Amino acid sequence: MPMQAGSMEEQFPLIQRLNEDGELVGELGIVDEQGLVDVYRSMVMLRRFDERAWNLQRQGVIGTYAPFKGQEAAQLGAAYGLGARDWLVPTYRDWAACWARGVPLEHGLFFAKGHPRMGAVPEEARVFPAQVVIAAQTLHGVGLAWSLKLRREAAAALVTFGDGAASQGDTHEAMNFGSVFGVPLIFFCENNHWAISVPLERQMRSETVAQRALAYGMEGFRVDGNDYVAVVNLVHDLAERARRGEGPFLVEAVTYRLGAHTTADDPTKYRASDEEQRWEQRDPIRRLERFLLGRGLLDDAGIAEAEEAALQEVEATLERFRQALEEDPAVLFDHVYAELTPQLAAQRDRFVARAKEVEH
Amino acid sequence: MAKLTMAQALNQALGQALEADERVIVLGEDVGRDGGVFRITDGLIDRFGAERVIDTPLAESGIVGTSVGLAMGGMRPVAEIQFFGFIYETMDQIASQAARVRFRSMGRFSAPLVIRTPYGGGVKAPEIHSDSLEALFVHTPGIKVVTPSNPYDAKGLLLAAIDDPDPVLFLEPMRLYRAFRDEVPEEPYRVPLGVANVVRAGRDITLIGWGASMPVVLQAADELVARHDVVPEVVDLRTLSPLDESTIIQSVQRTQRAVVVHEAVRSAGLGAEVAALIQERALLYLEAPVGRVSGYDTPYPMTMFEDLWLPDATQVVSAALAALRF
Amino acid sequence: MPMQAGSMEEQFPLIQRLNEDGELVGELGIVDEQGLVDVYRSMVMLRRFDERAWNLQRQGVIGTYAPFKGQEAAQLGAAYGLGARDWLVPTYRDWAACWARGVPLEHGLFFAKGHPRMGAVPEEARVFPAQVVIAAQTLHGVGLAWSLKLRREAAAALVTFGDGAASQGDTHEAMNFGSVFGVPLIFFCENNHWAISVPLERQMRSETVAQRALAYGMEGFRVDGNDYVAVVNLVHDLAERARRGEGPFLVEAVTYRLGAHTTADDPTKYRASDEEQRWEQRDPIRRLERFLLGRGLLDDAGIAEAEEAALQEVEATLERFRQALEEDPAVLFDHVYAELTPQLAAQRDRFVARAKEVEH
Amino acid sequence: MAKLTMAQALNQALGQALEADERVIVLGEDVGRDGGVFRITDGLIDRFGAERVIDTPLAESGIVGTSVGLAMGGMRPVAEIQFFGFIYETMDQIASQAARVRFRSMGRFSAPLVIRTPYGGGVKAPEIHSDSLEALFVHTPGIKVVTPSNPYDAKGLLLAAIDDPDPVLFLEPMRLYRAFRDEVPEEPYRVPLGVANVVRAGRDITLIGWGASMPVVLQAADELVARHDVVPEVVDLRTLSPLDESTIIQSVQRTQRAVVVHEAVRSAGLGAEVAALIQERALLYLEAPVGRVSGYDTPYPMTMFEDLWLPDATQVVSAALAALRF
């Protein structure tokens, strides 16, 4: 008898440690209570940044911006679950995860601004530049993890992608290559239930993303993506196992895109507000806040202080962003190849001359 | 007659095609409830239902590949690729499949599908969203390549493309979707494929453009007339494959000079083909090299600097004057 | 707990009705004994054709040819399991299946010859032209089946592909689209264990192809591809269910490429002869022969007669092939578009003039 | 010095690259035990093991996409695409990924990978196995395109490509793999990228070709000398992107005539770029239009007729004579 659809949610139960009411329903594992306060403060800062970026687009300071609101726990859990020498291969909505791995937040603004520095990840950050072609990075993640294995580095990688990205051929090829070559990689799907206007259930007939793992003889996991404690512990375990050669793994972090797809999008056209409200209840920040309040690790003063610190940090980010705006446009020619070709050298000269003309 | 934007004209054309022919369906990412990220399919799902206006999973090869099967099965799919830069994901299904079905089967099957996609720069879109890749498809036999530069042509060319018995890649300059309005007749009409448009008759030089570049070319033409006493002939190619060679050649034989303008990267762009053709068939008429005003040989730039990177009217004017003073 | 690898062969047991010794271990189902004699005779003819095609390549009469030796039961089972109004979307090794659906066998030779008529499937045959880009046709199958559904035709389609093809992104996208849109299609994987020189276990880490169905909430089946009775009954059932709107389905027909990948290939470089010998024992023709002999439906005279008829049919095919060789080369220009473009009209004239020159 | 075929020269180059640099790995379909369908990787798996000479699953985007990640991770992958016609499956990973990594990251990352692939016609291969698609990649900034026409260049260019800090598409004319032998030094050497080869100095006309077309061009050159008293200069481009423009222009400025020869489809082929360049930079020297001898604007034909379809020396001679008599 063939396997019947319908049992997958049981086969891949949702892993949870902190429930919607902020009650601990599992162990804290690798996190300690004080660490959770820091994570809470980071989340608050990231949320404020995200809102601010939205407004900057509205003011015309930056171009299209894709908010990560609602996905902070998934992204920070993924980032902090990794070890110091592990790598992150992000998608375009992962500024929280990138930040946690050492990429300054202004890169999110560079990206939206179309600033040449958008992908100029700091040397010390083990993070790939974000790119927008849906799912292409899943293969880069496999290749990177494979290079770690070939070079006998005791490190793993984690590649993020969306629920929509799971439909792309590249994702399939990545999972197949990854499992055939046994690379130290975590496929981390941020299932936020929407690919622009297309809901999960019209993206795939399967109940879960996690069950895709079965196609590749890979282990798959479904985790509450709004539960930082569950995500960070799961990623931590899997990264360790990946480093031991047991990878790859597929993780489906079940979360929700609380905002619009991007600043160019209007979700009221295609989704019901009661769905949004239901997910507002599951907001990852609120959940952590409740837990911390309940444990006496946070109080009103602490919340206010977190907000205050967040605003300062966001201001500092904006300041760094503004200072980076003085950029020489000729840089467009300098990184096409390692060396300027004769054609590009000549074109660069023409471009510079013209840029000067336009200035005047 | 109503004054419509190109976006409205395209929307009207799609609605009329869906209405006129049961075989027509529209499919792609977000084309349904959302009406497409540029709203070109707005309202169609309400009028024609989710069976004919279809939100697909996020997979371009899937969209075009199933469209090939749909077309071979007797349907007339109009597929949307959300941005031209993502066409790479489905190059095989376009170039080796859709474009070869008729050839492969000696005419037993054909794949009359239309692939619509927004292209071109100037709207500050993210990486890979603004590329002009038309040359790749002009180099691909078996598929036609069409691009309108105004609302009137947009409607007429799209309806002609949907009628066409062969696959058509239909490139929509996204910068022009809402840039201006034209008088657009309400009733369905066709602008024939394969026929260039002499937008302005002239005598001193031929300016050749298409799609997103046309406003730049026209602005340059205005300047040439107003400030330099040069009267250019302006040709809008409209169909890029097959090229309307005779219109090009006849014009250049009269004007003896030409400048071709495109946003795409310079090397091996369609401008090269136009220049090669002209020197091949009209060398003895040429008083100056055919000029090319184009993008540079870099990836489409980060948008902070796209305005500097894109061809503008000043460059077209300079190129024209250079040709005249050669 | 995530699903552990290792249980898939149990979850997708090999469906068999006629075992390796030609013993009936299930019901005959839709086939009757006399029909099986006809199928046996067809298989013999197809085997002789396949061998003959190989020799024609060796003699330089045709170009590269991909033999289907060993896969006759899978292909005929798939073809005869379909109803009269159903469609076949084949890959390049499916001349047996195509023939059973009304495509004359010389098309296999046209294909290897590079004859323009290779894909000129007869009007009445509901078969797509074979194409060589691995897995591209899986999407055409989905589109075709979708068109049947949209036009409310009571018909289904079956698309074939290899075990190697299962690794392509297109196959994933096809299965996802197919299941999301519920199209009346059978994904029919001819798992012949090799993709040129790459064995199944290096193509994928999963134990079976059938389990891929789990990723799409689709029903999957593993059938003995060398058992005509099992294959034809399974396809028959699934086609009926597909026509009722229960599709799509994934079928893995477990078989073996008894010959080389193509006439250009030398399998002794990469695979062990004892593996080949093991599979020779499972030859689908031999198996059917044993069954028929055991039932008294066939005897030595019947076998000799089948061989005789086969040779005649193959000769007739060759004769039709030879007669088709007089083809006007200018036909290359006539089906690029429905109408000749001005460019092609001019180029055609030049081509014709040159072809005349070369002739002289 | 040993006389090697191009296949042997390439095999030697790969072996030497694997030997010299631990970061080099070879991957693709059937490149391991089978040694590749053209045996270019023959024996490498025995010498370097299955960890460095890797049979991949059947998925071109997978091959190139993982190679991008491998290269970004510090390796030097040499990927094989079994036939150039299948490159479409991985266009995104080439054009939008490999070719943009450096640009996207402002030099923080790069993707120094080599994609080797056999191409060109004349070996009676099936559909989609013989296409010449170089123009698509010349139109793609960020990747270099290289094609040898003889065993000596093949080895030297491949070693240079593997050294190169940028992605290189390395096109191997399959008709020439075993067509003839050259003296090939045993020790590793490099033929620099970006430099065309003036194969024969001449005076009357410049014949420009590359890769698979070079034997045709050379045969035509012989005929021109022997039968028509015409002494052509012959240029083998070798690197198609970036083009060695100055070699082309300098030659044509002397000879004042040019014919460019390629197997690819005519419209928007690389021949157009070469012709456009020449008329742009040397119009006043030109005594005749730059001629193009190329494939026709049909899909690559079924092989029964490929010999009629492919450019041959007779056509090149005619084009040269037409230019001389213009």
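All chains are identified by letter, namely A, B, C and D, in their written order; residue positions are counted from 1 within each chain.
By definition in this document, a residue touches a chain if its C-beta (ideal position, glycine included) is under 8 Å from a C-beta of that chain, and two chains touch if they have at least 3 such contacts.
The structure displayed is predicted, hence computed values, not measured ones.
Trainee: Tell me which of C-D and A-D has more C-beta pairs in contact.
Mentor: When the contacts at C-D and A-D are counted, A-D has more.
Trainee: Report the chain whose mean Cα position is at the greatest distance from that of chain D.
Mentor: Centroid comparison gives A as the farthest chain from chain D.
Trainee: Between chain A and chain B, what's the gap in Å when you average each chain's C-alpha atoms?
Mentor: Here the centre of chain B sits 36 Å away from the centre of chain A.
Trainee: Using mean CA coordinates as chain centres, what's the chain A-chain D distance in Å?
Mentor: 40
Trainee: In angstrom, rounded to a whole number, how far apart do the mean CA points of chain B and chain D lie?
Mentor: 30
Trainee: For chain D, give me the residues that contact two or more of the other chains.
Mentor: 57, 59, 61-62, 85-86, 89, 92, 96, 100, 103-104, 127-128, 141-142, 243, 267, 297-299
Trainee: Among the residues of chain A, which ones contact at least 2 other chains?
Mentor: Residues 116, 118, 131, 133, 167-170, 173, 176, 180, 202-204, 336, 341, 343-344.
Trainee: Spell out the part of chain B that touches chain A in their complex, as residue ranges.
Mentor: Residues 29-30, 32-35, 37, 55, 57-59, 61-62, 85-86, 89, 124-129, 266-267, 296-299, 301-306, 308-309, 314-315.
Trainee: Can you tell me which positions in chain B touch chain D when the two form their complex?
Mentor: Per the touch definition, chain B meets chain D at residues 85-86, 88-89, 91-92, 94-96, 99-100, 103-104, 127-128, 133, 135-136, 138-142, 241, 243, 264-265, 267-273, 275-277, 279-281, 283, 286, 288-292, 297-299.
Trainee: Applying the document's contact rule, which stretches of chain C touch chain D when the two form their complex?
Mentor: 63-64, 92, 111, 113-116, 118, 131-134, 164-165, 167-169, 195-198, 202-204, 264-265, 269-270, 327, 329, 332-333, 336, 341, 343-344, 347, 351, 354-355, 357-358
Trainee: With touch defined as at the start, can you tell me which chain C residues reach chain A in the complex?
Mentor: The contact residues of chain C facing chain A are 2-5, 8, 11-12, 167-173, 176, 179-180, 182, 202-207, 210-221.
Trainee: Chain C touches which residues of chain B in the complex?
Mentor: Per the touch definition, chain B meets chain C at residues 25, 51, 54, 56-57, 59, 61-62, 64-75, 77, 92-93, 96-97, 100-110, 141-142, 144, 165-166, 194, 242-243, 245-246.
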